[in-house]
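By letter and in written order, the chains are A, B and C; residue numbering begins at 1 in each of them.
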Amino acid sequence: MATNVQSIVPDAASAASLPKQPSQAAERWRAFCRRRAALVALVILAAIVLACIAAPWLSPYDPYAGNVKERLLPVGSAGHLLGTDEQGRDLLTRILYGGRLSLLSGIVPVMIAVILGGGLGIIAGYFKGIVNTLIMRTLDILFSFPAILLAIGISASLGPGISNIIISATIVFIPPIARIAETAVKEVKKEEYIEAALSSGAGTGLIIRFHVVNNIFSRLFVYSTTQIGICLMLASGLSFLGLGVSPPTPEWGFMLNNLKQVIFIDPIVTIVPGIFIFITSLALNIVSDALSDVLDSKG
Amino acid sequence: MVAFISKRLLLFIPTLFGVSVIVFLMLQMVPGDPVNTIVPADATEEERMRVTRELGLDKPIYVQFIFWLIHMFQGDMGTSIIKRLPVSELLLPAVGNTLLLAAASAVVSFGLGLAIGVYSAYRPKSWAASLFNVLGLAGIGMPNFWAALILIGIFSVSLGWLPSSGMQSIGGGGLLDTFRHLILPTIAASLTTLGVMTRMVRSTIAGLLQQDFVFALQAKGAPAGKVLRHVLKNGMPTILTVAGLQFGYLIGGSVLVETVFAWPGIGQLIYQAIGQRDFPIVQSGVLVVAVAFVLINLAVDSLHAVLDPRVRHS
Amino acid sequence: MEHILEVTDVSKTFPLRGVFGQSKGGVSAVNGVSFTLKSKGTLGIVGESGCGKSTLARLIMRLIEPDQGQVRYKNEDLLKLGGSDLKKMRKRIQMVFQNPYSSLNPKLTILDNVAFPLWANGTGRAAASTQAYRYLDAVGLPKSYAAKYPHHLSGGQRQRVAIARALVLEPDIVIADEAVSALDKSVQAQVLNLFQDLKKEFDLSLIFISHDLHVVEYMSDDVMVMYLGGVVEKGPKEEVFANPRHPYTEALLKSVPSVDLAVRKAPETVLLKGDLPSPLNPPSGCRFRTRCMFAEARCAQNVPALVEVGEGHHAACLLVHEGMAAVQNL
């Protein structure tokens, strides 16, 4: 190798351009669609969400007022597809309107927890040392409470109301999300591109913005989608206990509370709101399971 | 080994301390003056001041906290505002009842979960295994309070087979009576855990069955029972760890099922106390459950370390 | 000026902590290393894994803080800089890393990966992009690659991107830390030639770190051999390769399976005994003595200093004057 070596392999850089490759997103979508159960679940989920959003256009009834003379009509009655509740209100209408609140209380806490918990996790994971210890130990303490107990305790302190349920649920989900973020950040920190960024004199903010956040995002995203179903159940459970909305506001968990009282008159009326909680939560679990399969396999 | 356990114990104490701080703070956030729950509305300013001083509420917060902690240590959890009984007297039987329910649920879900999980691992393509997989997913996604309502609707109201609430029939009953009252709550409480255990056991065992030591055993002509024993031994650390954690959830998450069935456990007690604003009960109850949860996690961690040497040296 | 970088007596020990935070000794990674880099020259640093060459590179760049020593760049001690001065310094010395798979951010486009150092130093997006395109071109990557992501590129192409990124701040000194070690041999040649071309085009001074003697011999003007955290020999390339004066250098040269180096052949002689000692507990005195054929009692008691054995050529061996005959007779 005393003189300039001629390469045997033609210079790869001289290729005019790389062959056209499908984008990562398209690949992943196709992988997702191959899982039929997940696709079905996604469709059902979309249908439920859209129906709830379109509630005022889909139903002629008032969700708040009902005809007491028509109370507790069974499923399939004329004019009331899902029957009526204990005050004669059309159940389907209340399901659609109530779904908005229930879905919101399932998704919003997780979204806020991703921002807050993710932020805390990034700070703890990037800065290590005492900052890490302080943040993670405090979150561990919160994590030491069983979720529903913590939520009940916080809700009890704050008082009833759906916004307080959202606050309690957010607090419940911040610790595990923060832990996922912290672990991911610690791994990313070991990569050489972080060293390269440091050696160019970049400040912490820039490094976190361009090199950390986008590299932990998919793991955070996958984890938080698995929590939405759980959050939905937690929030409706809290509503069921009466810690959420107050009458006559419709909400799936709260409707179960109302109907519980008439269970001795009509034992199967409680099925309806509950089945929506169940199907939505099940569909969410299936979809997020498939999402984590698809996204994780790409590393 | 000793280093591992002592390190865990060291972390355990500040965690407990932190838990008690949070429980204390939670109650401080409640709007309204607790004195008002004791003193009638038309009481004089003097009376209010007297009660305030009696309860120690005129002292700064951290002093109140320390007094509260000391009382807890001595077992003095205060007096119930509504029931006028010492809190500890009310808590103890409630904890017992919750433990009974949790234990029953644990037996059912761990036992069934183990059996179904192992079966599904051995016959993964059978229709039964697919069915169990779906049922497992359903169990995880099923809200337990809804399942409770359905069970009551079917078995208590429609069929009239089983009682719908309480732990005993009015006028007391024997063991059999309690057992009959236990059935429906146990089913409702077990569903989620059953789902989790079935799926987890299945994937753990299935993973182990692929390993070389299984082939080696089979090649030596070992009977299926012996292979199963070895596989189970290997899977135990993971399975027991998850089982232990689930037991913690059964205790801590019992509120919903207890409320629906009016089962006199600690979840029901705390929930009712919240409604009645009976704060000594809420505070001590939450503390007791949280401490139990932390203890269970510590025990599960230590058990895991004992069973699986790899954990000790990580 | 003649020397653009003067490193004096740089050391770093990584402390070890026990379960409860107590001190359990340390890993002596770099021990009293000194060298100079000639302006527009190339210094090759060679040694086995664990000899501290990568740590040394990071100490110079202050990615890791040294325990002691001086790093003088154009008469300024870099180790004393802080704040915005430190940031300005960073632009002058850049590094190309070893692993083409983890040295680029997989979530940024090629263009953004190269432009990032400019953003970090206050350049606006548009200007940074223009500059980045210039350097992508300089390393031979066509414009169409700019919008792609690292996983679309091969290892060799990624290293080109890494080089472009290192050049984009227009440094005077570039440190290549095992920059070609992860590449296939055929690709290595291209990248090495690229380094030579870029060095001329941009008037760079290069520090080339490698465990591969061929590569070091091809690229360097001066060579420095490291062992277990210390410098055992350094000098002009031809001198060191033709006339190694340290037993370790001699052993290294003889262990290379190639005909191309001007080395006397004595395949039957075993020059290296035993295994690499643990850096937790380096041997007393001369660190190489446990594997050295010529080790004497005094090698355990005295740490050999770098002694001049030729024009600009230094070696750290107690036997270097008397033992000359012994080495030459092999």
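Convention: a contact is a pair of C-beta atoms (placed from the backbone, for glycine too) under 8 Å apart; a residue touches a chain by one contact, two chains touch by 3 or more.
In this text the structure is predicted, and so the values were computed from the model without any measurement.
Asker: If you average the Cα atoms of each chain, whose average lands nearest the overall Cα average?
Answerer: A
Asker: Specify the chain most distant from subunit C by Cα centroid.
Answerer: The chain lying farthest from subunit C is B.
Asker: Between subunit B and subunit C, what is the gap in Å from one C-alpha centre to the other?
Answerer: 59
Asker: Report the inter-chain centroid distance for subunit A and subunit C in whole angstrom, where each centroid is the mean of the CA atoms.
Answerer: Going by mean C-alpha positions, subunit A sits 49 Å from subunit C.
Asker: Based only on mean CA positions, could you tell me how far subunit A sits from subunit B in angstrom?
Answerer: Going by mean C-alpha positions, subunit A sits 24 Å from subunit B.
Asker: Among the residues of subunit A, which ones contact at least 2 other chains?
Answerer: None at all.
Asker: Contact residues on subunit A for subunit C in the complex?
Answerer: Residues of subunit A touching subunit C: 1-2, 4-5, 7-9, 11-18, 21, 191-193, 195-203, 206, 210-211, 214-215.
Asker: Once bound in the complex, which stretches of subunit B touch subunit A?
Answerer: 14-15, 18-19, 21-23, 26-27, 29-31, 137-138, 140-143, 145-146, 149-150, 152-154, 157-158, 248-249, 251-253, 255-256, 259-260, 270-271, 274-275, 282, 286, 289-290, 293-294, 297
Asker: What does subunit C use to touch subunit A in their complex?
Answerer: These residues of subunit C touch subunit A: 58, 61, 63, 86-88, 90-91, 94-95, 97-99, 102-108, 112-113, 116-117, 119-121, 139-142, 144-145, 148, 152-154, 156-157, 160, 162, 165, 169, 186-187, 189-190, 192-193, 196, 214, 217-218, 260.
Asker: Over in the complex, which subunit A residues touch subunit B? Could you list them?
Answerer: Residues of subunit A touching subunit B: 137-138, 140-142, 144-149, 152-154, 156-159, 229, 233, 236-237, 240-242, 256, 259-260, 263-264, 267-268, 270-271, 274-275, 277-278, 281-282, 284-286.
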